[in-house]
Amino acid sequence: MRIGFIGLGRMGTGMASNLIKAGHEVTVYNRSPEKAAPLVALGAKSAEHLADACRGDAVVTMLADDPAVESVVFGEGGIEATLAPGALHISCSTISVDLSRRLAKAHAQASQSYVAAPVFGRPDAAAAAKLFVVACGAPDAVEIASPLLDAIGQRTFVMSEQPEAANLVKLSGNFLIGSVIESLGEAMALVGKGGVDLQAYLEFLTSTLFSAPIYRTYGSLIVEGRFEPGFAAPLAHKDIRLALAAAHELRAPMPVASLLNDRFLTLLAQGGENLDWSAIGSLAAQDAGQKAGA
Amino acid sequence: MRIGFIGLGRMGTGMASNLIKAGHEVTVYNRSPEKAAPLVALGAKSAEHLADACRGDAVVTMLADDPAVESVVFGEGGIEATLAPGALHISCSTISVDLSRRLAKAHAQASQSYVAAPVFGRPDAAAAAKLFVVACGAPDAVEIASPLLDAIGQRTFVMSEQPEAANLVKLSGNFLIGSVIESLGEAMALVGKGGVDLQAYLEFLTSTLFSAPIYRTYGSLIVEGRFEPGFAAPLAHKDIRLALAAAHELRAPMPVASLLNDRFLTLLAQGGENLDWSAIGSLAAQDAGQKAGA
Amino acid sequence: MRIGFIGLGRMGTGMASNLIKAGHEVTVYNRSPEKAAPLVALGAKSAEHLADACRGDAVVTMLADDPAVESVVFGEGGIEATLAPGALHISCSTISVDLSRRLAKAHAQASQSYVAAPVFGRPDAAAAAKLFVVACGAPDAVEIASPLLDAIGQRTFVMSEQPEAANLVKLSGNFLIGSVIESLGEAMALVGKGGVDLQAYLEFLTSTLFSAPIYRTYGSLIVEGRFEPGFAAPLAHKDIRLALAAAHELRAPMPVASLLNDRFLTLLAQGGENLDWSAIGSLAAQDAGQKAGA
Amino acid sequence: MRIGFIGLGRMGTGMASNLIKAGHEVTVYNRSPEKAAPLVALGAKSAEHLADACRGDAVVTMLADDPAVESVVFGEGGIEATLAPGALHISCSTISVDLSRRLAKAHAQASQSYVAAPVFGRPDAAAAAKLFVVACGAPDAVEIASPLLDAIGQRTFVMSEQPEAANLVKLSGNFLIGSVIESLGEAMALVGKGGVDLQAYLEFLTSTLFSAPIYRTYGSLIVEGRFEPGFAAPLAHKDIRLALAAAHELRAPMPVASLLNDRFLTLLAQGGENLDWSAIGSLAAQDAGQKAGA
């Protein structure tokens, strides 16, 4: 397929390279054009203008937030104006449920297809085509998207014909990860202050009931107090806020999400702007009068 | 070894039978003596009086709560008064950090050994010798206890020479499970109200980042709204309260544990006395105006 | 002075009538023009077009929310485009800190003056000129506004030269009222379930330490379970959300405000759309398995 | 009347002196006997042994906590053993609902009368006979107690025939004060970070909707960051914990009380042992990256 790929950050670069490797004809576009070079080396074309990436069978977007996505979809020379009728927009960014709904509507009015397909995984998983993908949209659109999603991830979960459901699932997933970080932080503040060795404690947890990747990954970060991003706290905070925005719209009170929001505000107010989001897992120990990881 | 085993509930019966199968000479005692019959059939002796179970090399206790343990340890004919100097008390019950500390002191004064060895796992795991055991105490005492613990569990984690550390770890573990239930409940209230199929959602979670037994077990209970115990809400509430009591003593604020305590009060106030503790995972959906599992 | 008055809801009607009674020449404008009649009877002119209310020395706005204020300030024929250089906009609405800041900037660019002057009090206080006013802005602008504010309220508090500070104070005030409602709700759930007569309890509180109007007003509503608005729950929820938005911008975690937000979501999810906001004070009793006011 | 008075702390000394001034024949007892001297100077007798203070018509206790009250009521030479049948115990201490219930039972079995009469007010109010008293018990017992309570307070509120209801009301009152401190702390963190002068803000609040003594008293302490006790944080924390214990027994979830408990743990974990309880009102500012009172 002829594919445009917009957004060459750490995640997007890995995803685009896997589409190229899968044999697709990929035209990449990034606001800072120098990011295109490694992909051109793999066989991609580099689009000078955004519109030049929107003339194929499909365009994939992988951008940081709602405004970035809005800026490439709407307006002159954007996806909505350029993509051919019948062609497909696959939105992989973590965006609001509300924006996803507006994208669905705009594409429908332009007779274009739209699949929301946010991804789970860190940049190394993107590079290794090991992402998990949640894809929602009209069945025929999802079917067209499938080989592309198979090229970037290890498994695709199709969960609804409403595209924005995929974004809701993505936001709920980040909420669940955040709640693991907070709970581990509280448990470690408790047992750590009680004299238990935290490394041994984490080994115990992840060898028994909590043998999930998420506990190993974030547990280690908290125990070691290593908070270099990773997934920067302000971006993670944004996702918790988008989850709360969805909860507001759906009228679903989420007290743990409210707590996470307050934790992020505390972290950011105290200078944690450049830390990994797992740093909120150190706040319980701080409240308990201890240094994180101590 | 000659072992006394006190407390033949659903957990204790399985554990005692595995000690018998491992070749130990086991004398069982239970307040309601009819519980002893199946174990006698396996080769155990049944003690008429508590003291008769306390005359061997070690006595294992597996009881419901602090008062039950206090009643068999202290007072006339109890473990403290009867167990020989140098013999060992292995306390597997989920009890308070404070009581464990008092037991350690009492046994030390009586020249007895003491190991705190609470277990993780449900009755089926107890029957199958698949429990996880956390054992803390003086190294020589833990060494003597080891073959017994190996007989009842699949792995023993030794984490501190302070016996009460094991109880702290046990309570923190139940706190972590409770926090998984709460977080899943909130996430499911959100995506469920957003139209996502909850069975598919759980399948997604447990196939990807949350591939831990705990998410599968409790996620299913919440999705299906099946809340027959299992682990009865009042007992689980007791454990959260013991975690909060330890947090109080150590001065470690735990906001998620506080939330769990409020959730249990709500559940019990609304008639949930006889439900499994995973029923607190339905309260977020109830607050959101939905039926659990709907 | 020649004054335009925009927004003739229950609050605005009382305020405008007091400006007329104070001898000012008032031109009123409301989207639904029939609301103007009672004020015309008192001597006001009725503006057919918004712009006709913006040609005097000052224009006062008293509207429901941010979008309503934006719609009369910005755009063709609006306040920004019509108000003479040097003339004054007094914004009395409860709006976001962010919008107030944008209004300040827009008016400064148009060489107009701007005072943010949100008010505290219910419609009866507005009718009786008994409001409390918080006024912030450039000192000369506040000086010009003063006689007008004196005409609508019993006392004006000047707190900052930054207009948006007044809006922050207003939002914090509504947060404090909300926290009184929640705390009273919890206390009454407790003592009510303990058999204490709630009417006697409230009489005790308000005769002693809590002898403030707010406790009397909201305490009675909770005890009697009378939740006809009043101040409708969705509007109050909006204010709590604006307080949280300000807290987000300032990075000030507010756990009680987060709790209030969750309470409002619960109330609205369960059909409380048309209730007074004091109905969140019944949720603690509901969680405790009791009927409100029972 | 012939009255024993037990407990000569800062509160008790003022209360006992007012009973003497009202013409009663008062025998005082305190564990540290030197506290009796000023009252002997006013005309009291000093009891060498506890029992010597229990031989009159009534005995009033004003002690720090449950164990202190238990130690003077139960056991040899205590109130229960010594007070004559028909004589009256008036318990003014802030104790648990559970202990008050046990006292009621014990006195009934000994054919003694019992009134729970906790008081509201600081030591200066005790000295000036300006306390507020909540008195619960059998009507005839309350009637006998009335002149004594009138002598120590400005008003007595009789709210139930169940003595422990008075203790529940007292604990709920301290919870409400705590919630005012927390809410003010959050509001001040918000507006303070937004550039509002906190002294002016407090003046505004207490001149308008929040014109209650409690807002003036605690607002000033927070604004000025003066946290010398007053009412020491560990004692206040104890009262919040007793409120939560009552909430547990009654199954009434109280999320704001849970938050207050976590706040106190944070304060105490960070070295606030010797501060006034209003210091928890500085934690919101601390979380927001600011110094209290700044």
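We just call them A, B, C and D in the order they show up, numbering each chain from 1.
By our rule, a contact is a pair of C-beta atoms (placed from the backbone, for glycine too) under 8 Å apart; a residue touches a chain by one contact, two chains touch by 3 or more.
Please read all numbers here as calculations on a predicted model, not as lab measurements.
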Farthest chain from chain A, comparing Cα centres? D
Taking the mean of the C-alpha atoms as each chain's centre, how many Å separate chain A from chain B? 38
Taking each chain's mean CA coordinate, chain B and chain C are separated, in whole Å, by 53
On a C-alpha centroid basis, what's the spacing between chain A and chain C, in Å? 39
Give me the residues of chain C that touch two or more other chains. 247, 251-255, 259, 262, 265-266, 269, 287-289
Touch-based graph of the chains, sorted into line, ring, star, complete or other: complete
Contacts from chain B onto chain D in the complex sit at residues 241, 247-248, 251-255, 258-259, 261-263, 265-266, 268-269
Seen from chain A, its contact residues with chain B in the complex are 97, 120, 132, 134, 155, 157, 159-160, 162, 164-165, 168-169, 172-173, 175-177, 179-180, 182-184, 186-187, 189-191, 193-197, 200-201, 203-205, 207-215, 243, 246-247, 250-257, 259, 284, 287-289
Which residues of chain C touch chain B in their complex? 255, 262, 265-266, 269-271, 287-289
